[in-house]
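Look for chain A in each of the two complexes below; its partner is chain B in the first and chain C in the second.
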Partner chain A sequence: MNLNTFYLAVAGLILAPLVGGLVAGVDRVVTARLQSRMGPPLMQPFYDVGKLMSKVIAPASHWQGMFVRWALVASLASDVMLAAGADVLMCFFVQAASASFVALGAFCGNSPYSKLGAQRELFQLLAYEPVFMVGILCMAKAAGAFDAYSFMAAQGPLLFKMPLIVPGLLFVVLVKLRKSPFDIAASHHMHQEVVRGVYTDYAGRDFALLEIAHWADVTVVLWICSFLWATSPLTMVVTAGLFLFAALVIDNISARLTWRTMLGRVAPITLILATANLVWLYLE
Partner chain B sequence: MFGSFLKTSQVKSPWLMHFDCGSCNGCDIETLACLTPVYDVERFGIINVGNPRHADVLVVTGTVNKRNAVILKNIYDQMPSPKLVIAIGACGCSGGVFREAPNVLGGVDKVIPVDVYVPGCPAKPEAIMDAVVTGLGKLKGILEAS
Partner chain C sequence: MIDAYIGLLVLWPVAAGLACLVLRAPALRSMLVMATAAVLAAAAVGLATQAPLTASPAFLASATALHVAQAASFLFPVYFLLMGLKEKHPLVIVFALLQLGLAAFGEFGLAAPAEVKTAVVCDGLSLALVLVVSLVGSLISIFALPYMKHHEEHLHLKTSRQPQFFMILLAFLGFMNGLALSNNLHVFSAFYEATTLCSFLLIGHDQTADAKKSGLRALWMNSMGGVFLHAGILLIQKQHGIADIQALVSPALWTGTTLLPLALIAMAACVKAAQLPFQAWLLGAMVAPTPVSALLHSSTMVKVGVFVCLRLAPVFEGTSTGRVLTLAGAFTFLAASALALGQSNAKKILAYSTAANLGLIIACAGIGTPVAIAAGVVLMVIHACTKGLLFLCVGDMEQTIGSRDLEDLRGMIATSPVTALAASAGSMAMVLPPLGMLVGKWAALEAAAASPVSMVMMAVGSALGVVCWVRFTGTLMSGVSMGSKADPAAHTSSLSTGPILTMLAGAVGLGMAAPWLNAMLLPAGVGNALGGGWGLMPPLFITAMLAWIVGIKVLGRQSQAKLATPYIGGLPSKEAGSFVGALGRNWTLSEGNEYATEFFGEPKLTKLAGVVAVALLLALVGGALI
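Here is the complex of A and B:
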């Protein structure tokens, strides 16, 4: 590892969660504007996490603290790997481990909502992980390697070689941002149905750390989506922004689906489309 | 610097939990009206949450009676410190017209400590928002003193 890679890894460690926090702030402001409201300040997610950090509350289970820290480490590790130009598929597996730790921590709690949310979190993992993996395989096939720098150095936009993975990636973004119609594991707005689902039993500092892990996850997912048009840093930011905006619009015009619909219809359809694209790339 | 950011954050991010203790729904409607685009309390970072473990401000409407006093106390105990309690409406403040009823204990302060009282039957959304801001001012004073 040369010194440049080290600096990029450190930048990924520090900047990725901050970018994720800003994305959360933009999300809340844009959502408010779409609903004819003024909305909170852009920095509101940072205030929320700062507030949660200073709260005094006993954890629902002693195991939860450990799982939260593991989830945070795994999420930040996936950011660092992506920034350092490591294998994108490995980065994806590390991020999946983070989501599993969140679910395991929720299973340790006492609340039935927490346990129900944890089960739904696992269903979500089952639904989006294959689609996401096939999407990354498509990018790797087109770029000729699995490392992030090769994806960014690909000749021309990858989008034109893999239009069929776009619905799948949008599905992943909706799930990771916890947006309707796929905010099944943890209701994003107003604590409905399962209260906060997988997050119900997390509180205080643990919840704050989990929020930072979530920001890191969102950054990774949007970053991978931006590889679709990685001809310059600006086009990458615009691509990620378009995915985010599409997710916000869909969130505001749709109601929550059930996990059965997600697992039985949305996941297979997006997976078939992405696999068809992968087969096409191999036959080309 | 980090400490002062944490203190500022506590005032700028009040997550609110609404508990209907036995209200006629008049004050509940006015409380929920605060979340609509007309009043938009999210401007102040306020979110309505359904989980006491995530809440900072407990907004209670209606009279407290012998049945729901235990639940009110339980919700209050589950909230992490520092926390605020706001009693909404005549019933929440004192028991209102129901205060003489045999099953009624009275206002919210008979069970848990109340920081801000909002009179009215029902209380206006503007008054409820003002109560939250007043409560946050009180919290800021406590944090600065500590």
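Here is the complex of A and C:
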């Protein structure tokens, strides 16, 4: 590891959650505009987290604080790995570990809604993980290596070699941003059927840290999507922005699906498309 | 010195087992078992310091030894035949007769093979199996001491059957070591049949109707595997006139000839490793006392299957037989993971997960590159430790609460915290980075780069595994909404928590040592072909350690905190387990996991997966035939 990689890793550690927070802010502004509202200021997510940090609330389980911190470390680690040009597949596994810790913390909670949310979180994991992994395998095949720098150094945009993984990646973005129709494990508002699902039992500082972990996750997912057109930093940002915008539009025009539909229909269809693309890359 | 180590590894457990049969006092038996554990551990470590090595100890190399092996190829089938006749089990009879026929043909119809150069060859792979058998197997034997005492108290037996039990248990370890080390195909196959016999006797140990049925199922399936194995060995003898395993696995020997014999042996290995469609015998094995299932799943029996495949792997590299084997292994990984997800029976979850992980190892063997083989061996070692741990934990909890259903194990962390936490840690070690199982899976995925369909199956299987184990952990650690069923564990014995904690240390420690294990297993000169590479692991360990420290500190702080009242969308009512909720009604709260049986239900999925698996195995043999 040379010094340059080290600086990049540190930059990833600091910038990734900030970018994720900004994405959350953009999300709220754009959603408000789509619904003809003013919406909160861009920096509102940061104010929210700041306020949560100052709250001391009784936990719902003795274990939650530990799992929250593990989730945060795993999420930040996956960002750092991408920034340092590490193996993208391993980065993906580390990011999945973070999701597992969030679910485990929810299992430990004492509200039934929390445990219900944890179950659904796991089914979401089951639905998006394979297609996400196959998407990464497609990129690795086209780039000829598994490390992030090779993905970014690939000749020409990867998109044209793997158009069929786009629906899958969009599905992943929707799930990871907890957007409708896949806000199955956790809704944004607590008056809905799952209350807040997997988040029900998290509160105060633990919840603030979880929110930062979520920002870091969002950055990882959008970053991996942006590999599709990685010819310059600008195209990467635009690609990620397009995925984000598409997710917001879909969020506003669709209603929540059940986990059965997600697991029985959406996941297999996107997976078959992505697999077809992978096989096609091998036949070329 | 080397001969002495090998002698201790193979003969001592058999002798100690016989001693158990004669000296029936419990205290003596405990001493014998613990002495065996110590001897095996010392001898295995001693052997490890000398490896890689070749040797010809008299008890494996002499003419007498070879005659004994020859005789064994008749005696085992005869015993199986008698068993089949006694129980009137047609399949057992048929396969025993077939084995006898093959043995007779080998004895009288074929020229004797060329003499084997050295009776024992111990390379990284054999050493890995010897260490697994001698360390994990010994720990399980120690755990069996208090377990079997409770078990028999529960059954109210007039005369203890523990002497027989421990005799077979210990002898099993010796046979496994012999199998791992022997370099002569005929000696190997004698040990192979011995493991079939041991597992049959151990599964049927309780002598209930269920136990007998499962035992016979294991017997007929594995003697069918034996038929494949003998057929393969005889074909090799006919084609090449050799019985030397090291000579056999050189790819040069097989250029231009059919791989049929190896395909048959791989098929036999698939039976032993409980690959689909042969998973039934392993599922049945859970009727036996927990130490038996722990032993079968982690350090013995099923490991024979993956050991054989990994042994043959160099020949498979780049062949169509290898490609089909990779597909078959990856398919078992996928299908068995899906079957595990639909189960609420904790032991069935473990059983299916065993089949799944072994499938992954067999997929590695099919790929056959040095990188893939190393990944397979790493997976084999770490799986043994982790699965052994999980079985002991589940068995312990089962003895505590009298149920092995995951729903009954909900919130087990309040009842028996040590075991539940060990089980949680073990199941996390199955799926989380940077621990060995996940790292092995990752290495396998990247090594499978030539086979896109296998990669996709591995990806889906991996996601299924994560969900299965996180749910398992979450259920054990589940918080309590209403009421409390916590009563501290009724019995604890240092002989049961000792092995559990040692195994936990081993599972986590080995999991962390995976990159170094991998480096040791790679032959010199093979560069690290994985992009980004295993070099990524040490920084991840440091990160994980830091997270661990921070997490434990927070846990310490929070464990004093008063917990929030549970959010249940209502107010607690006077009746236990219910609350006043919507519409002012009294609602009863009940919790349970969603097992999604419409997707992962056992009956339908078993049939479907069985058909695909049979097709793949037919392709394995048929492809080699053409």
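The rule is short, and it goes like this: the second predicted complex is superposed on the first by the 281 of 284 C-alpha atoms of A that agree within 3 Å, B and C clash if a C-alpha of one lies under 4 Å from a C-alpha of the other, contacts with A are read in each partner's own complex, and residues count from 1 in each chain.
Here is the rule we use: contacts are C-beta pairs under 8 Å (C-beta built on N, C-alpha and C of every residue); 3 or more make two chains touch, one makes a residue touch a chain.
Keep in mind that this is a model prediction, so the values were computed, not measured.
Student: Regarding the shared-chain residue A:Gly25, is it in contact with chain B (first), chain C (second), both, or neither?
Tutor: Neither: A:Gly25 stays clear of chain B and chain C.
Student: Using the superposition on chain A described above, determine whether A:Pro181 touches chain B (first), chain C (second), both, or neither.
Tutor: Neither: A:Pro181 stays clear of chain B and chain C.
Student: With both complexes overlaid on chain A, does A:Gln44 touch chain B (first), chain C (second), both or neither?
Tutor: After superposing on A, A:Gln44 lies in contact with chain B but is clear of chain C.
Student: Counting only touches as set out at the top, which of chain B and chain C does A:Pro17 meet: first, second, both, neither?
Tutor: In the superposition, A:Pro17 contacts neither chain B nor chain C.
Student: For chain A, which side has the bigger count of touched residues, chain B or chain C?
Tutor: On the superposition, C touches more of the residues of chain A.
Student: Quick one: is A:Thr200 in contact with chain B, with chain C, with both, or with neither? Answer first, second, both or neither.
Tutor: So A:Thr200 meets both chain B and chain C here.
Student: Tell me the contact category for A:Ala118 with respect to chain B and chain C: first, second, both or neither.
Tutor: second
Student: Considering only touches as defined above, state whether A:Gln64 meets chain B (first), chain C (second), both or neither.
Tutor: second
Student: Under the contact definition given at the top, report the residues of chain A touching chain B in one complex and chain C in the other.
Tutor: In chain A, residues 57, 60, 195, 200-201, 203 are touched by chain B and also by chain C.
Student: Chain C touches which residues of chain A in the complex?
Tutor: 57-70, 73-74, 77, 81, 86-87, 89-90, 93-94, 96-97, 100, 103-104, 106-115, 118-119, 122-123, 125-126, 129-130, 133-134, 137, 140-141, 145-147, 150, 195, 200-201, 203, 260, 263-264, 271, 275, 278-279, 281-282
Student: Over in the complex, which chain C residues touch chain A? Could you list them?
Tutor: By the definition above, chain C touches chain A via 341, 431-433, 438, 442, 445-446, 449, 452-453, 455-456, 459-460, 462-464, 466-467, 470-471, 473-475, 477-481, 530-533, 536, 540, 543-544, 546-548, 550-552, 554-555, 557-559, 561-564, 566-569, 589, 591, 593-594, 596, 598-599.
Student: Applying the document's contact rule, which stretches of chain B touch chain A when the two form their complex?
Tutor: Those residues of chain B that touch chain A are 5-10, 12-13, 15, 37, 40, 42-45, 48-51, 53-54, 56, 80-81.
Student: For chain A, which residues are in contact with chain B within the complex?
Tutor: 28, 32, 35-41, 44, 46-51, 53-57, 60, 190-192, 195-196, 200-204, 207
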